[in-house]
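Two complexes, one shared chain (chain A), two partners (chain B, chain C).
Let's turn to the complex of A and B:
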């Protein structure tokens, strides 16, 4: 890409944000493995988590030689993930609301990257199944009070997944107005706990664990 | 000296680690084989990005080249060149015969929601779960022969 160093750096930060979002949303989704409200969702969330973490790895590999180093060797404050994906959500309505909001935002972001990133189209082939899953649940829960309240609460976080110029598209798709976003760069309270758990093995064997 | 033809032939004997009825050549993940002075350059395109079998496949390809007396160089190409349309006709039939509904061609699938039972051929099937035991599979149920089956996702 023939661009100025500043522009190149901004692009790399955008990709790092994307990869960090996918890693952390995958991590949060994986927390439902074994305890989802039904067996089908144990399977679905495990598979979705596996895909998202696979996407993170592929993008990290574009940004550095060692995906594991980028995923696990940074300090918590160095992660660029949006606050939406960091939230530790303990109920199903919020979890589904996040999946739905995240997938719609992610589709807008990935579409915008198609011209500069050949990997984007490959990621999108898999994401279409995440969107079908999210949409199926959205249809089922959309008229329930807990889901509506969850979307209301998470909406400023969802806007924070995207750069300002893509937020109108998200607002149109979700049917809500653009409001002040919870911006990328802020970390929510639960993030340090997630980081500690996620990096435990890596920190206990810095030279690399052998399996 | 090893030839590209020998390499392709050997690769066609390597089974997919997770769906062993189909070979890596049938799966369509080998984009090219280029042989120069014993150096064998292979372009390998992953299926699903989070698939844990990718590392295994890569090692199997390297091992096969070594066994043929070549020096392997397997390049992982993460572009958009693999989709389920890359699975060969023979590969689709092997999947079906093993009770594993093959993915429909992508253009067809996007326009039609018909999924056939690999056992009885009925189109009277229902979706049980979009996700299954690996990222590439969904779970469906055939209401004609009352058999649950795995469906390879079209991507």
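Let's turn to the complex of A and C:
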């Protein structure tokens, strides 16, 4: 892609944001491993979390030689992930609401990247299954009060996953108006704690842990 | 609701019973079975069958020991050997 340095830089930042979103949403979702409401869902949810982390790796590898360095060697404030994925959610309604909102937003974002990013099609093939999973839960929970409240609460965060020009598409898909978004670049209170836990091994063995 | 899972390992192979998933409907059963029986590339197709739909047959009366009906009723070893030597081959065909 022939692009001016600024445009190229913007594009790289966009990809870094995407990779960070995938890493952190994968990390947060993996916190349900072992304690999801049903055994079968535990397996499925953990697997989806792993897929997301795999997508992060693939995009980090496009951006630098060492995916681990990008994933673990930055300071917390350098991460570009949207606040939506950083939230430490302690109940299933919120967790599924985030999964659903995130998948719908991610689909819009990935399809906009198809022309410039060959990897997008590959990522999207796995995301199709994630969307099926999210949609199935959404259909089941959408008329329940806890889920509706969770969507209401997370909606400004969901908008913050996408750049301004893609938000109308998200609003149309979710059936909500565009409101002030919780923008990328802000970090929620729990993020430093997540970062500390996520980078513990890396910081204790900077040369690379052997398993 | 329990769904019995049958897995086809490769194109043309027979479906084999592989286990089960507990799921409220076919949609959830599919999502969960995909994870548990397909995510490592071990299946090309799955059959998901509600356990209630399985008609079980497990009682076999054989009161008079009619062993001539069973495959272990006779030995065909000797006759096989004889047949092989007749056609001039000692190799088994597989």
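Note that in this section the second predicted complex is superposed on the first by the 211 of 211 C-alpha atoms of A that agree within 3 Å, B and C clash if a C-alpha of one lies under 4 Å from a C-alpha of the other, contacts with A are read in each partner's own complex, and residues count from 1 in each chain.
The working rule: contacts are C-beta pairs under 8 Å (C-beta built on N, C-alpha and C of every residue); 3 or more make two chains touch, one makes a residue touch a chain.
The model shown is predicted, which means the values in this text are computed figures rather than measured ones.
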In the superposed model built on chain A, check whether chain B and chain C fit or clash. clash
Does the superposition put A:119 against chain B (first), chain C (second), both, or neither? first
Check whether A:47 is in contact with chain B, with chain C, with both or with neither, and answer first, second, both or neither. both
Of the two partner chains, chain B (first) and chain C (second), which one does A:58 touch, if any: first, second, both, or neither? first
Does the superposition put A:29 against chain B (first), chain C (second), both, or neither? neither
Between chain B and chain C, more residues of chain A are touched by B
Applying the touch criterion given at the start, work out whether A:103 contacts chain B, chain C, both or neither, answering first, second, both or neither. neither
Looking at the overlay, what does A:133 touch: chain B (first), chain C (second), both, or neither? both
Would you tell me the residues on chain A in contact with chain B in one complex that are also in contact with chain C in the other? 40, 43-44, 47, 129, 132-133, 136
Per the contact definition, I'd like the list of chain C residues that touch chain A in the complex. 21-23, 27-28, 31-32, 34-36, 39
In the complex, chain A residues that touch chain B: 40, 43-44, 46-48, 50-55, 57-58, 61-62, 118-119, 121-123, 125-126, 128-129, 132-133, 136
Show me the residue ranges of chain A that touch chain C in the complex, using the header's touch definition. 38-41, 43-44, 47, 129, 132-133, 136
Spell out the residues on chain B that touch chain A in their complex, using ranges where they run on. 48-52, 78-80, 82-83, 128-135, 153, 155
